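Down below are the structures I want you to see.
Two complexes are shown next, each including chain A; its partner changes from chain B in the first to chain C in the second.
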Partner chain A sequence: MRESQEPFIRIRDLSFAYGQGEARKEVLSQNNMELYPGELVIMSGPSGSGKTTLLSLIGALRSVQEGSLKVGGDELKDFDTRALLYYRRKIGFIFQHHNLFPALTAFESVRMALDSSDLPATERNSRTREILERLGLSHRLNNKPDSLSGGQRQRVAIGRALVHRPSLILADEPTAALDKETGRNVVDLMKELVRSKGSTALMVTHDSRLLDAADRIVHMMDGRIVSNVLVAPVVDAATLLRDSGLFPGSTPSEFLEVAQKMARLRYQAGETIITFGEEGDRFYVLREGEVEVETGGPTAPKVVGTIQRGGFFGERALISREPRAATIRARGPVEVYALDKDDFDAAIARTKTFQDQMLSVIFSRS
Partner chain B sequence: MNPGSAVLLSWRLLWHNPARLATSLGALAFAVFLMLIQMGFRNSLLDSVTALLESLDADILVMHKEKDNSIQRETIPLLRVQQTLSVEGVAAAYPLWFRFLYWKNLENGAFRPIRVLGFRPDDPMFLPPDIRAGAKLLGQPGTALLDSRSRSYLGRIGVGPAQVQKEGLSVVGTFAMATDLEVDGNLLVSDETFARITHQSMNGIELIAVKLKPGAEPQRVIEGLRAGLPGDAAVRTKDEVRAMDFEHWDTGTPVSLIVFIGMAMGFVVGVVICYQILYTEVADHLAEFATLRAIGFGKAYIIGVVLVEAVLLSVVGLIPSLAAGWVLYRVLEASTGLLLNLTLPRMALVAGLTVSMCVFAGILALRKVLQADPAELF
Partner chain C sequence: MSPDSPSRVPTADPGSPRPTRLALRLVAHKKVRTGVAVSGIAFAILFMFLQLGFLGALRATAVAVSSRFEGDLVLVPAKFLHLSDSGSMPRSRLFQARSIPEVKSVTPIYMRIARWKAPLTGRGCSLFAIGFPLAAAVPLRIEGLANLVTALGSPGSIVVDRLTQEKCGATETLKTVEVREGMRDLVGRYTLGVGFLADGSLLSSDETYAQMFDGQPADEVNMGLVRLEAGSDVEAIADRLRRVLPPDTLVLTVGQLNDRQTRFWVEDTAIGTIFQMGAVVGFLVGTMILFQVLSTDIRAHLPQYATMKVMGFTNRRLYVLVLQQSWLFAALGYVPALLLALLVYDAAYRATLVPIAMSGGRALLVLLLSLSMCTVAGLLSLRRLRTADPAELF
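Presenting the complex of A and B:
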């Protein structure tokens, strides 16, 4: 599924190799990805698949070798030292290692991240206190790392990464050292920045409990992004498919797989979605708004009913290979999930039960 | 970027490991000590060879033109005093005699070199109050004032019977002057006593201390003296004589080279020690410094942190070092009689050298910290 906004980060054909000559080893191959303002992206994938390398390229910690990496429309390769400095200041890095100065207190470590800003000292102090409070560290402000637990240190590092309200958050397994509740707090904090400030967050994690926070899930394998899924609409579409009662017995992953192939389409009031007599090319599930069903063709048009969110249409012509038996028209602004005929056929062909169930639905309608 | 933040970080880094800091400061103090001792040696030499000059209440000094320092022996005729007095603008002219003789340590019978200074007890030619007070006691022939800073080789330093060469004397008081490379002490006597113990004519004098009349123009008087005195006499202001003495002892002898090498060694040792300290500091925090780079702190900030830490280290190190140096000077002074003064300009010199050696070491350590590579952080 696609968004129509300008991406904050746009990656095209990005490849990266470590080493030279004989020892050269390509760890990223021809990757494409967009990161949009206001989304939290979770990246997963087996160890060694290149997640960290990709993060360090996006964070300008390594230089782009091949392909394009654009930030706000500008090629990162062309940034001079100063521009890089400013770009990095807009990023909140959360590393696997906390890298806190042992000599600094939690408060001082976090406040350092504001030292490059023009904020007055009182504001810097209060923001620092506030974020440490949010991270459950208000009783540890004056502790140095050696008197903090591993999880507390990691939270200080997270505070340092988020206190300046970065436009881009790059986090490599930030919750690995945290218990369930604090892990959730951290993700909530990131989510809040993403929602309120329109920041972009890219988080590598293997913690499936956090997946629900993701707007998109990216999966990497062997240096390639093998799937890139906008979560909310897919989950929504899959839920609607399930609730439709069309496919009893299907597993969640089967629903998701079909839902992933669906496109999200928008229609204005009065627009025709399906035209009577035409060949069937798509199956639709209604996401938002209301459509009317008109039978009888152009000669004897007659509205026989309406369909609301969760309802579906267009399946009959696909299965029976006959022309559309009705016209479907938007009554107001309408959003649908649409599945192409080939994908629909493939889904049906994949499981006999699926097909049988479809047929039984059609049978019960006629 | 907020400079206060760099200073805070440096300060915290410096104090974070107090045990390590204490070791570092000890090592740094050692380097400062080396410099202080060398400098003390040089200064004590200069101070002690000019101690006599400094004690004279004179605007202008007349001495033999062949002398290239004030304590070298070369006499001019006593007649020059009269000639000096006849020059316009001269208020007073006081002759000074001195000879190197042997003082008998009455405790062990050993003879040690001593400088015997002769003057007319009624001539107010000395500045130090102890000499002015003691001069009144010297009217009695056979009496003397003994330098309380004389080395312990002379035996008991104090009032009582004494012997110079074969002549018995009575020490009636003390004054504080200094020993130097040539003598173990000073003895101040009247001209009459001087004649008695040296068995010499009083016609040859070492120098004349000249006082000007109030309002007299020094340069005019000097010109008058040069015109009025025969060619054997050189006329100089007290400042010129001091400069001449410094010149003679500081550059005219190998002492200064030895001292310079000693100072340089102290400096190099200091740089090595500071480099060790700062390098370890930086190497231990490479990942943290790299993190700072990653989150948008520029090179300048990192350089600032290291150099500020270098300066803080030197400043923190200087305080105990100078305090310990001062104690060391007192101990050495008490045991050797050498003058060891830690004056402000001398402290400033050591402080300047210490700060610059730390900063120099900091610059060397920077090469390491600038290698901190944020790429390896994730």
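Presenting the complex of A and C:
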């Protein structure tokens, strides 16, 4: 379900362990992931699942032990000290703790992040002022941390991480110390940077209120990425499944679970999606465009109807194990969500209710 | 945007954080801590000033008299240790020296510590007594001494150093004084100052000297002051004299005499070693005080330093930041220490008349020592800075 694009970060078979010998403890195991320019990825998972270690590896704060971690196509473990330094300067790190120098004002703390840039002083100052204003701290520019609230300190730290408009934002619970409105403001700011500059943001959070901001949600468990979901297409597919009225008893999570496994496929006008008489291998939900339904096989073809967005097809052959009873052909450019046979079977087998409903649908068509 | 590939590292340094301002802010932030630290460092620097001041006074003492000799060479006994313990040598060595044509004159000098009894208190003082023949040219380069020679011609007459310690009671109105259990006429005053050598000094004719030190053999002298004809090669004649004179006599230039004196006082005496050790102790104390301050501060700010590393500040920049803080502490400690040292020097001089005074050279030396001391402390505390691990921040 992804547009073809080169990822900024590409992780392959990445494993990491602390300690050696008998004390060795693997915290990441054979992980694969891509982070693309212009996307905000939210990472969730229980404590100890490896999120933080993965962040620190991507941020080059720890060295890659096993597997591959490529940045812009280059292997991170091949970076020399200078390249690592340059890479880190392109990252905006947001930690759970603000780590501000007590001696510096909010303005100075944020501007310090621009010390390594070649911007003129006036530009540094204006950028610093601008981001602090965005974070609602325009009246606290000259305050030191001891005269700021916990949320204000965290906002200063966020400003420090974002003021240099980083290519990559790595954030660990950035909104934990913030109220709802400020937290949303911070995420909007990150989103804006991601959209306008094509930055990539990877944010660890347990704040479910922020999930709607994510382009993708990665879930980790016991050192592994157990799900990696592009949010918008999955929500769209799940919504189409729900709106179809086919599964009135299903929960949102059941819809999402099925939707996550669906691939987004494109077809040109006249292209055949399924062919009469063939073995069924996928279930389809129409996302965009229109398809025609042709029965009778090659000897007596007859278009019996059309299907528009939200319609579905291909389920009968999967359920009955019989050959396809119709040919489905694109009338114009078409996009469908497709679910493989195995995933379809697994989804059906998950709940009796679900299976019954599917059988009910088939029964009603026959 | 296409994110910059880290492989496309610019050829020029992408920018260098300037930590000077931050160092200033960090030092100035905790005023009480900084005040305590600066006080400790200032004390250590003051201690160095005092020890080096006393060491300087010791050096001045060493050459206080010998640098005043009006001559080109000196003849001293082979067992010569220093001016107040020179030993004696046959007077005939002086005549032997005169066998060299370029030797214009050889003046016998007599030197010993004399017991002086303070007139009002009866308190004993040790004065460095120098006797010389009045017929010869004045052997010491002391302002106004030539005018006192006539007065010294009267037997039992002495002149006394104005820089004699107050406890000795050598007031301007004092006319007679007991020296070595005999009453002497005090006929004049001069200004010399002998520092640690004695409580003061007095000059007399060789005859009066012989009266005072009645055990002084007439055929022995403590030193011979040699004057050469104008334009003579001093070193060459010194060599010739060494060949002429037997091994019981040393031939030294005045410069060599000064060097021997300095070496004796500074290197051979315990007092010189104590002052040198004192300066070293001051250095070490200052180093440890600042090391503790910096180390504690770094430990308290490890997450902040780790964050700076994460932000792309190089280790070198962080090291400079810590060293800049240490230099600021050095500068802040140095200024009050210098002012205090001037006061203490003045008080010490007034109390003891020991020639202790601030010199530009010493002020610069202590400044360099202070910077070195703080640099060492800074370098030691860098070990703590290296423990700032960015990976621990997440």
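The rule we apply is simple: the second predicted complex is superposed on the first by the 358 of 366 C-alpha atoms of A that agree within 3 Å, B and C clash if a C-alpha of one lies under 4 Å from a C-alpha of the other, contacts with A are read in each partner's own complex, and residues count from 1 in each chain.
Rule of thumb we're sticking to: contacts are C-beta pairs under 8 Å (C-beta built on N, C-alpha and C of every residue); 3 or more make two chains touch, one makes a residue touch a chain.
Just so we're clear, the structure is a prediction, and the values are computed from it rather than from any experiment.
Taken together through their common chain A, the two structures put chain B and chain C in a clash.
When the two complexes are overlaid on their common chain A, residue A:52 makes contact with chain B and with chain C alike. When the two structures are aligned on the shared chain, A:143 is found in touch with neither chain B nor chain C. By the touch criterion defined above, A:295 reaches neither chain B nor chain C. Judged by the touch definition given at the top, the superposed model places A:167 against chain C, while chain B stays out of reach. Once chain A of one complex is fitted onto chain A of the other, the partner contacts of A:86 extend to both chain B and chain C.
The partner of chain A that touches more of its residues, comparing chain B with chain C, is C.
By the touch criterion stated above, A:244 is placed in contact with neither chain B nor chain C. Among the listed stretches 77-85, 95-103 or 239-247 of chain B, only 95-103 clashes with chain C once the two complexes are superposed.
Counting contacts as defined above, chain A residues 52, 55-56, 59, 61-62, 85-91, 93, 95-97, 99-104, 108, 112-113, 115-116, 160, 172 meet chain B in one complex and chain C in the other. Put simply, chain A touches chain C in their complex at residues 8, 37, 52, 55-56, 59, 61-62, 71-74, 79, 82-91, 93, 95-97, 99-104, 108, 112-113, 115-118, 160, 167-168, 172, 197-200. Contact residues on chain B toward chain A in their complex (touch as defined above): 1-2, 5, 8-9, 12-13, 15-16, 285, 287-288, 290-292, 294-298, 374-375, 377-378. The touching residues of chain A, counted against chain B in their complex, run 52, 55-56, 59, 61-62, 81, 85-91, 93, 95-97, 99-104, 108, 112-113, 115-116, 160-161, 172.
Residue ranges of chain C in contact with chain A, taken from their complex: 1-7, 9-10, 14-18, 22, 25-26, 28-30, 301, 303-304, 306-308, 310-314, 390-391, 393-394.
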